[in-house]
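Chains: A, B, C, D and E, in written order; residue numbering restarts at 1 for each.
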Amino acid sequence: MQITEHKPLIVAFCCNWCSYAGADLAGNNRLNYPADVKIIRVPCSCRVNPMFVLRAFQKGADGVIICGCHPGDCHYTSGNYYARRRMAMLFSMLDYLGIERERTRVEWVSAAEGAKFSATMNDFVEKVTKLGKNKRLEDLRCKK
Amino acid sequence: MQKITTDALVQKAVELLNNNTVSYVLGWKKGEFDYDITPYVFKDEKTLKEEFIYSDFCGVNLSKYLVAKTKELAGKILVFLKPCDTYSFNQLLTEHRFNREKVYAIGIPCEGMLDIDKIKLNLEGISSIVETKEGVKVNTLDDKTIELEKQAILLEKCKNCKSKKHYAYDELLGEEGDVLDNNRFDEVAKLESMTAEERFEFWQSQLSKCIRCNACRDACPACTCEKCVFDNPNSGIENKSPANSFEEKLFHIIRAFHVAGRCTDCGECSRACPQNIPLHLLNRKFIKDINEHYGEFQAGLEVGQRGPLVSYTTEDVEPSDVFNKGE
Amino acid sequence: MKMSYFPGCTLKNKATDLDVYARLSAEALDIMLEEIENWQCCGGMFTSSNDEVATKLSSVRVLNSAFKKGQDLVTVCSACHNVVKQTNNAMQTDSEFASKVNNYMGEDKYEGQTKIYHYLEMLRDVVGFEKIKEKVVNPLKGKKIGAYYGCLLLRPSKVMAMDNPENPTILEDFIRAIGAEPVIYAQRNECCGGYVTLESPNSAKKQSNRVLENAKANGAELIITACPLCLYNLKKSGANIPVVYFTELLAEALGLKEQTND
Amino acid sequence: MTNKYSVEEIIKRSGANPLKCMKCGKCSATCPAYDEMEYHPHQFVSMIADGDIEALVKSDSIYRCLSCFACVERCPRGVEPAKLIEALKLEVIRKKGQNYLTPNDIPNMLNEDLPQQAIVSAFRKYTK
Amino acid sequence: MQRIGVFVCWCGSNIAGTVDVKAVAEALKFEPGVVHSTDYQYMCSQAGQNLIKDAIKEHNLTGIVVCSCSPRMHEATFRKTAQSAGINPYMVEIANIREQCSWVHKDMAIGTEKAIILGKAAVAKVNLNAPLTPGESPVTKRALVIGGGIAGIQTALDIADAGFEVDIVEKKPTIGGKMAQLDKTFPTLDCAACILTPKMVDVAQHEKIRIFSYSEVESVKGFVGNFNVTIKKHARYVKEDLCTGCGACVEKCPQKKVANEFNLNMDNRHAIYIPFAQAVPKVATIDPSACTMLKTGKCGVCSKICAAGAIDYTQKDEYIEEKYGAIVVATGFNPISLEKFDEYAYSQSKDVITSLEFERLTNAAGPTAGKLLRPSDGKHPHKIVFVQCVGSRCSAGAEKGKEYCSKICCMYTAKHAMLVRDKYPDTEVYVFYIDVRTPGKNFDEFYRRAVEEYGVHYIKGMVGKVTPEGEVLKVQGSDLINNKQINIDADLVVLAAAIEPDKSARPLATKLTASMDTNDFFTEAHPKLRPVESPTAGVFLSGACQGPKDIPETVSQAGAAAAKVIGLLAKDKLLGNPCVARSNELLCNGCSNCEKVCPYGAITYIDKDFRMPDRTTRTRRIAQVNPAVCQGCGACTVTCPSGAMDLNGFTNGQIMAEVDAICK
């Protein structure tokens, strides 16, 4: 079979205080991960509206990952707890609608966990790549 | 249980109007046919006596109308609440959507409401419908009479009634009922047990029927936003018609998410849907997840409840484990 | 008011006093105790292991009988009370256990709905000690009585939920209600030696002695209990102090004891 | 021989969690049967937590517990030692397939005043 | 339409090594709004910054995108650059093409492609940026300290010494708190009164400090820098300004049988009383529940005796309103109720006491004048058993006691044991312990002295039962080291009861919108980095209200809280973070869900009149965000169903524009 591997598009929402800093640390330590991952900086994981996640899928993202401070370490004390409930509910709903559950993920990455950030992204990209193109959620009009 | 009659309600309403307890009566009004009943604000005794009705077709949840009517009308409004409506009533109060002082609520019993669409499947041309003990007797235009059993023609939302108990009222007519055991999560569990492909097929086929008429939203007592995000050009997700399969899903996912933790499972969405999409299965999925992961929660049990999505515990389940638990 | 009543095996022979006075007094306090039909022995001891099912069935049947009659269940023997209440709690909280039990129950499924009162709880919560005070015709004035709780009435407190397990008052309040003076002593909620008396009577004797010496040191002249085994052990201890069932004193205070002696 | 008794089974059956123990010794401090035992309540908890129960199953200590629940009531950590002891005892009785007490033993123990309850309870605790 | 300038940094070869910076600059030229796009070796250098400033002027730029290192590195730098060139600093966005691109990708083509996409996302965001101005609010240069124990005293003194006015609110008639009740202090054994009372006098005499004793905080409104607090001064029926504290009234008061709470009810006081000799303020107080005059209108002895004419039976509770810039909570602790631990027979015997009661029994100013005597019969005890961890370290499942370690008990018990052995060498002392926890300077040495020099018997194990019998307390316990159950006939049993936050703390937390943990300890803004601040801006924590603490720790935290307060009050104005939430009142439903998730209490509701299209007026409940309090997490924005809540700097529109740009 002559199918070139699909290059996935991954949107990563990272909270400013922990995970974004963790991503920076991964950079400082030159811990590679695929360029398919594009990071959007948000103040806190609780800023991520389900709308943003769905919007990303609509526009052609193949996977969406939300990264925040570890529970208990939120810069705003409780933001990631709300995010945890919201995303648990949203992702469970997407799963219920038959969207592949490997396309969504929540991961807690601290500012010191550059290695975890890189490993998480490598793993996530690999899993999403295996799933291939996200056909179940995207808006066909958005594609070129 | 003694069935409450239209006359009893009219008598009560007239009494409260005449002694100036209330100035308006929010109730159900007769339509052209026995089954097309509309919510209506009665202002006088005459209209009440002529047009007020309480029958097996009064499925409409009146709570939501209080949001607009208490603001529009100056006086106190009498509203009749079936058990399931009282949950919505409380939830709206929790969210400060209307002024309790302006409402006089009367709890009334409900034996389950009927779905005219289900009746129509059995025959053509209804001339009249008569309630019987076991269900209804339908007389058709060609002078036939068909008897239908109640269970078969109940509204979807009434088939799995969660409660005959009223959680809010100033006055109760008839006997108080109990919270019922029910199987309302069975269908959700059935879907959960399917493969992802099967679930996708199911929802794709259901949601593709959506014509974006907004009936679900307009009937929903939790959807009382001053301006809905789907009507707001600045929201970034405004749209008026389901141009493609994504937007069908987007609309229903966002709507379900917006009411998650606030939905009382009154079932108005599915009742209102002209396409018969089982929308309540989306809301119930959230309710089931919430019950399983964050502890039993029923929205609208009391005023001032803190909803599950505006609460947390430090020990909450991780999103990845929500999937695992479902297995 | 009617309530279901489970006397238990010992009350049917060695501890008839406990039973007879309980029934008589209840009647005088306007409570109709209706004995459960065809009851079986509770087993005397609750097995805390959650995979022990068969030994708990008799309790579930008793509970279910009361449930079907729509009545609350009253027990008077501390041991029965402990077993039945703990079994009921297991039915409510351990769904795996409950489903195993219900496999034996045929059509009669039971889910822990019955409310169980120890006779003392019935006196306190249903009748009310105030009412007892009013009904007392023969107050036991000046009698210094030590209440002996033992372990079964109070523990585990999470399940028994009758009183503060370390500083209970229900028996003391009862003693006051019948006009006597309670003597509070620390050993009142320590074990009498229990069933170990069968195998090593000396060890049981040691436990009971410690309890009674403490009661005596604090001025008790008489000990009351709700448990036949406690009564046995305390009496065998050799300490020189009378021990009786609390129901006997209740009947005496209510002026009913003479009737039975006739 | 080594896998004869299952510690996991014992813990599961008891519904208790020995890992909650902070080794304060309150159970042994409160135990009325302490002096009758070769191994004491805190040792039961600790040895079950460590999976090291060989000595316990051979000891008569398992039959000395009065089930008075004082240890359960007073344990600050909610460990419930009496439930562990009972679960262990059951394991031994079941696995050995023999009862600690048999009906033949009873007549020698009887006396005039002994309530039924004592016999029944002892049977419940000592037999399968 | 924005006029955007794009500046792509090489960062030497750090970026340029893996990203074709020229190609990036070229590609971004054609993005909507971009009017200028260029690259430079080191954009953060003086020369690079000048390049940006010049471009701003030359091209009339309204927005800036810098493609460079992480914003956590140089966002502040470039914002300043923009500001100095005359555009709003919040019109700058950074595309992180170093840490999150060139440093983690190796292939030039892939790196360049991603850098372009990140640049596009930044451009898309800037297109929607709006100038933001941090809100300013004035600062009331006065602090309120709630609680007058050692924590509150130290905080107040430190703030006042820095030149700011401080008010202390203390609910008891005197300041001093728990420390005033203690005898000696560990690990140095100096007397508590000797080191505390001079501080109390300092407080009384400090011109910047006012004491509201016998008072409580009634309500708190406002926010950081601008709190409005109502203080309720309970009627003490004595005019504070006239009373000289001579004590003549106390002596003559005929009602002498009132339980003396200062001595933990181990002796009696009069209906009019001064809690102790060194009380501050040294003013008498009438206990209305005991005073015959107040209850029946007959007596009036104190009024007759008082030469100063200070007695006023008609006094009423008084409410004082005051403004503050900062509030310090120092509400302290209490021993727990031992009701659920009666296996120790606390309620059954007078000779089973708590450690705090023991402090009073050994205190020279206590009910026994410092002689260690049994409360029951006044006899000298010869055998004393101390029990540690009574109600501390309990499992949540045990449903009694506290889960935490009370921290101070090991040390004060060692102190008590040592003091007894020192004064009464004929007394045997036993300490039942689970662990002896002595982390602290000179702490373990102190404990070892108790064992090695004073011969205190430390027994590893617990007490299971205390049985009062005759004159003795039969103590049954375990000795785990010797594997024995032991029985001691003791004369006195001392229980180290767990400590818990004062009961007044929870209602106070509600008034302050400060958060608490499940144990009712106040939570810190950050457990490691902001330990003396509450999450509510302007509210600070001092002492045991935040967690169990000994005196040295309390004093250091009190000083730290004071330093934070001084830092705040030193400012004339508070500049807020402009990236805060805002509510669109036309969309707001008033549903209160945002208020519920706000960790800072920044959201309040008002009823506002709206003119309707049909010319009627409608009153609606709407949310308002206090920008001085909001920290900008965005929790409210997602909980809002109507989209009325949005976050400056991270608006729904901006984030979705970034999503769109990335997914294009």
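Throughout what follows, contacts are C-beta pairs under 8 Å (C-beta built on N, C-alpha and C of every residue); 3 or more make two chains touch, one makes a residue touch a chain.
Keep in mind that what you see is a predicted model, and the values were worked out from it rather than measured.
Visitor: Among the remaining chains, which ones contact both chain A and chain D?
Guide: In this structure, the chains that contact chain D and also chain A are E.
Visitor: Fewest touch steps from chain B to chain D?
Guide: Contact-graph shortest path, chain B to chain D, evaluates to 2.
Visitor: What is the chain whose Cα centre is as far as it gets from that of chain C?
Guide: A
Visitor: Weigh D-E against C-E on C-beta contact pairs and write down the one with more.
Guide: When C-E is set beside D-E, the one with more contacts is D-E.
Visitor: Among the chains, which has its CA centre at the largest distance from chain D's?
Guide: Farthest by centroid: B.
Visitor: Counting in whole Å, what is the centre-to-centre distance of chain A and chain C, each centre being its mean C-alpha position?
Guide: Chain centroid spacing, chain A to chain C, equals 62 Å.
Visitor: Based only on mean CA positions, could you tell me how far chain C sits from chain D in angstrom?
Guide: The computed centroid separation for chain C versus chain D comes out at 24 Å.
Visitor: On a C-alpha centroid basis, what's the spacing between chain B and chain E, in Å?
Guide: 46
Visitor: Please compute the C-alpha centroid of chain A, do the same for chain B, then give the distance between them in whole Å.
Guide: Each chain's C-alpha centroid was found; their separation is 36 Å.
Visitor: Which chain E residues touch at least two other chains?
Guide: Each of 343, 399, 465, 597, 639, 652, 656 in chain E touches at least two other chains.
Visitor: Touching two or more other chains, which residues of chain B qualify?
Guide: Residues 236, 309-311 of chain B touch two or more partner chains.
Visitor: Counting only residues that touch at least two other chains, what does the list for chain A look like?
Guide: 50-51, 55, 78, 82, 86
Visitor: If we use the touch criterion from the header, which chain pairs count as touching?
Guide: Per the contact definition above, the touching pairs are A-B, A-E, B-E, C-D, C-E, D-E.
Visitor: Any idea which chain C residues touch chain D in the complex?
Guide: 8-10, 13-15, 41, 43-45, 47-52, 55, 77, 79, 94, 150-151, 154-157, 165-166, 190-191, 193-200, 203, 207, 227-229, 231-232, 235-236
Visitor: Would you mind writing out the residues of chain A in touch with chain E in their complex?
Guide: These residues of chain A touch chain E: 9, 11, 16, 20-21, 23-28, 30-33, 35, 38-44, 46-52, 55-56, 59-61, 75-79, 82, 86, 118, 142.
Visitor: Across the complex, what residues on chain B touch chain A?
Guide: Answer in residue numbers: 188, 191-192, 196-204, 236-237, 243-244, 246-247, 249-250, 253-254, 256-257, 260, 282, 285-286, 289-290, 293-294, 308-314, 316-320, 322-323, 326.
Visitor: Which chain A residues qualify as touching chain B in the complex?
Guide: Against chain B, chain A makes touches at 50-51, 54-55, 57-58, 71-72, 78, 81-82, 84-101, 104-106, 136-141.
Visitor: State the interface residues of chain C toward chain E in the complex, per the touch definition above.
Guide: Touch list, chain C to chain E: 158, 164, 166-167, 184-187, 190, 213-214, 217-218.
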